[in-house]
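Okay, so here's the structure we're looking at.
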């Protein structure tokens, strides 16, 4: 039984993580730290957890977490806050799975360019492992600091990895048109996520400027072994959860759908959470699960990949537990089915 | 052509009002005053009005409005702000239709009890006419200050008026169970109206304490000529617009549905915006219109009235224009069909 | 490990039941019978189950189920079909949990009155146990045929049981105003559940005629020991799941909210799935779980009980597994947390 | 005052058309013909029209329509039915605006290829004018048969016309990724538009095979004067109305956003219903109106055009009235603001 702590308990990834961990036979939540919630009970913060967990929020105190035997901490903090909070844990030997964006971009210059501030923890940045198990599985097992991947990037990276690995597509022809539910914007009320504003409406946002762009490119460049560039357009959908990415690329040579299927089957032969679908997916098929659904089509010679996932489970807290399982040698699926 | 001004331009009732007035052949919007929006164009504030209206927000200045020939002002301000802003207009001879709650409750003690503060404009409170045309139509024509009715109260008052007018029900047996879309909560983002919180969810709020309770009782008491008491329970529905009220009462004597229908037909014979429905209404039938739909049933001897309306049109800006039409002698339906 | 079969695999209760049973450590699904789906795989029928269960639909054959060692069958069939299908299993010694309405009403005359047809299996009707564990827990353990309770009735019965048990309310003053998500209407497409018809709309239906009325009354009459009568009004909400019931009753003597709380705490002291809430519940708090949330208020001397649940879990498949657990001596919560 | 008839009264385009025409000062609806609805009143068919229109459905009879003075008929019939119904009107001198797809594709071979049947009315097909006023405005004025454009195609054609007119983009590089509300699928209940199936879900459909593809290409080829090819991917969104198209193209030479804006401003200088937006549009901005909103961006050298409209107004019934206005010499905006 691994004792775990959750840092940042008030958001959607935290409540999802707690629900998953409550079902996990090898994890015990011993602390939930929160900056702003005082000593509210978890049930007061998240009524859906009433009668499920008997803990109160507490201020963050690294020494106390050590004293209570915490071996692994999940960071559900905003970006910028993670990099000032998590070092205290790492220095005390606690392994960390960080759900923020702080440790995802290896190059601090790229971080500075997209996040508008210089990185504040270069030492740990250099050690961080990007926690996408289907691509970086070997490094995850021994990692001390996992940079848990972004929700959108997983659909794009896993949707394209088999194609870029074999250089089967023009690496500069990629368009990722993504559609996300509103929970991806977090739990802080803003005008654009106020119900009467975003309900019954579809809109694009951050066109050409979304911070998940360099994250997608970094991973695909790793897979390809040479630079990959993407056009990434996120859209806001009137629903709670789910991401649907429609991915377009120009193949290097003619492909049949059968060939695509075989390529993906081979690439994901050992990936229990990637489901190759012959029928077109809907986000509803994967919501509530850690599955990422992929479907490949050829349209007028162009490759079209359709990728769907639950942004809070597969896109955040589920893959975090998948990483946790690999870090501690449990079956990757433990607590996730 | 009547020149009108709108005070408080940033909310949902304002944008709805502008859309209705742009179609009104006898009204011209000459100013939109707003406290917080500086000199934004109306289209910047409400993108749906792009290319529809060539005005900028401006600070409130009563003298300037007079100078521009404003004859009638619509107040779309928060309660509390209305009563400190509108007197300056009334004193300058501008007639006012106030969409806030400030002038609805005649008794300042009742106001203080439910709003937790003493009323700040007793002089005008005494002159205000409650703007529910189907009940107070005669007084509206000559009013200088209209207290435009609340969204919930209209469903309850019009749903019950024929019954309480004839004392056909026990005046203390009334239960009003109301369901509203989220736009009724206004445009200021809060946690309970944040999309992922209220989407896909139904909840009750302000049980036993909602401020529309005394407003319903005041009007029904007027109609009955003796005290009426209601239990009023509002609920939040995952939709933009629409109110559905299910109203229960114990009849004084056995009623058939046919008798109910005749009673209501007679009572609303001259009310073009009250639609008596033989089939059960859905809020979708009246959304976007100024109609209030009513359907009467008898269940195990109890009277059940089902009332539906658009909370922003019939419940606010539409009925405001209906009042405007009566104040200036236009056909009640002008601009509203 | 108990071998179970599911009869009627195409609907929402079936897919929910399969998901719960896949997590249940003591149940093994060995067959899914379906009348209309030929030999489709379960994943073809329900894409969300892709890679989760390796079974095909099969025609119903009682002898085959016996041969495969099925000990317990869950009936997810339409009412009317259950009573012609399930006897073959009962006669072969297979215990049955029937999610249809066929065996819920003990009096065949009441059944005939509300369902418009005479009952076709009086022999088993006489043996059926109404599967509401918090009320009929003792009989459930030894039952061969469980009539799994309806979704609406559970909110009304559990919301009122402590009050009617002690005759704390006027047994003829009860009003149950219920709001349900659309999945309660089943998976067969109809105009009133077509997305553009029911989305963004609230409506009442079956006013005074809904078949759950006698089911509520039968159970509450059992609890009270004398006749209970309710006015029950169901409404359709634009959301997938969740039922919210607002229940009104006239107390026999004045009650404080504190007294109500104590009454309910005592009554439900051993009910792990009834959560007494001090704050007003939202359906979202219980969706996805087997919890039924209750909150009690006193408004102008009237008792108002607010009850919320997931109509597919607590309202159908979850409580079915809760019954299964009691029938086979497992902890009531097994597989449900 | 032009007397008009509506053929096919039961669907969403019909009810929208009736609402627009009821506000139109120069049109009078004298008949609504329907194949399946017998002599239901329009209000029985569409409760939202209660007290708005005093007509009953009637069987289609071309001679009767002539006798009643009908000058113009709007066809709201399914494709395939239009081409067998409308000739009788055209032969009697009634002008027709057909909202179906039957007369949109000029080449009967292309029709046969995409619709899987040979065209049944080649004579009138040859005379039909594609009713997109911003492109084919001159021909519309004198047309006897208007093929009203599809909902998706308008976003793609108007979103790209300025670029293809000047050959500013590679005519084979175009990707149109479109997102539509569910009303676009019509009013006939099916499993994929059943509320609990498509609510809270995003999915792609008809990938590479949607029949609007050749319609987009035909119009853009007209504009360009040489063949244009598009990859078109439609998606279903959980909302009633609205289409959002995200359009990608490779420019022939580097473009700034300022240059794009100037190009579009010039092209649409006389198009009152095309709104060029500097901020990113949301479908909610145009829902309920006849506006088509466009916003242009340059991302990594690629042109990205964002186009939004109401699929039932601008996408169908609104543009039909815009065509009607042009056919009869009214201001294009009559009845549409």
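The first chain written gets the first letter, and so on, giving A, B, C and D; residue counts start at 1 in each chain.
Here is the rule we use: contacts are C-beta pairs under 8 Å (C-beta built on N, C-alpha and C of every residue); 3 or more make two chains touch, one makes a residue touch a chain.
Computed from a predicted model, the values in this text were never measured in an experiment.
J.: In terms of C-beta pairs in contact, which of B-C and A-B ranks higher?
T.: Spelling it out, more C-beta pairs touch across B-C than across the other pair.
J.: Taking mean CA positions as centres, which chain lies farthest from subunit B?
T.: A
J.: Report, in whole Å, the distance between the mean C-alpha point of subunit B and the mean C-alpha point of subunit C.
T.: 40
J.: What is the distance, in whole Å, between the centres of subunit A and subunit C, each centre taken as the mean of its C-alpha atoms?
T.: 36
J.: Roughly how far is subunit A from subunit B, centre to centre by C-alpha average, rounded to an integer in Å?
T.: Taking the mean C-alpha position of each chain, the two centres sit 46 Å apart.
J.: By the touch rule stated above, which residues of subunit B touch at least two different other chains?
T.: Where subunit B meets two or more other chains at a single residue, that happens at 181, 197-200, 238-240, 281-282, 284, 287.
J.: Which residues, counting only subunit B, touch subunit D once they are in their complex?
T.: Contacts found on subunit B: 22-23, 47-48, 50-52, 200, 272, 275, 277, 279, 281-282, 284-289, 291, 293, 337.
J.: What residues on subunit A touch subunit D, complex-wise?
T.: For this pair, the touching residues of subunit A are 175, 177, 179, 181, 197-205, 207-208, 229, 231, 233, 235, 237-242, 244, 246, 248, 280-284, 287, 297-300, 302, 304, 306, 308.
J.: In the complex of these two chains, what residues of subunit C are touching subunit D?
T.: Going by the criterion above, the answer is residues 12, 181-183, 187-191, 193-200, 238-240.
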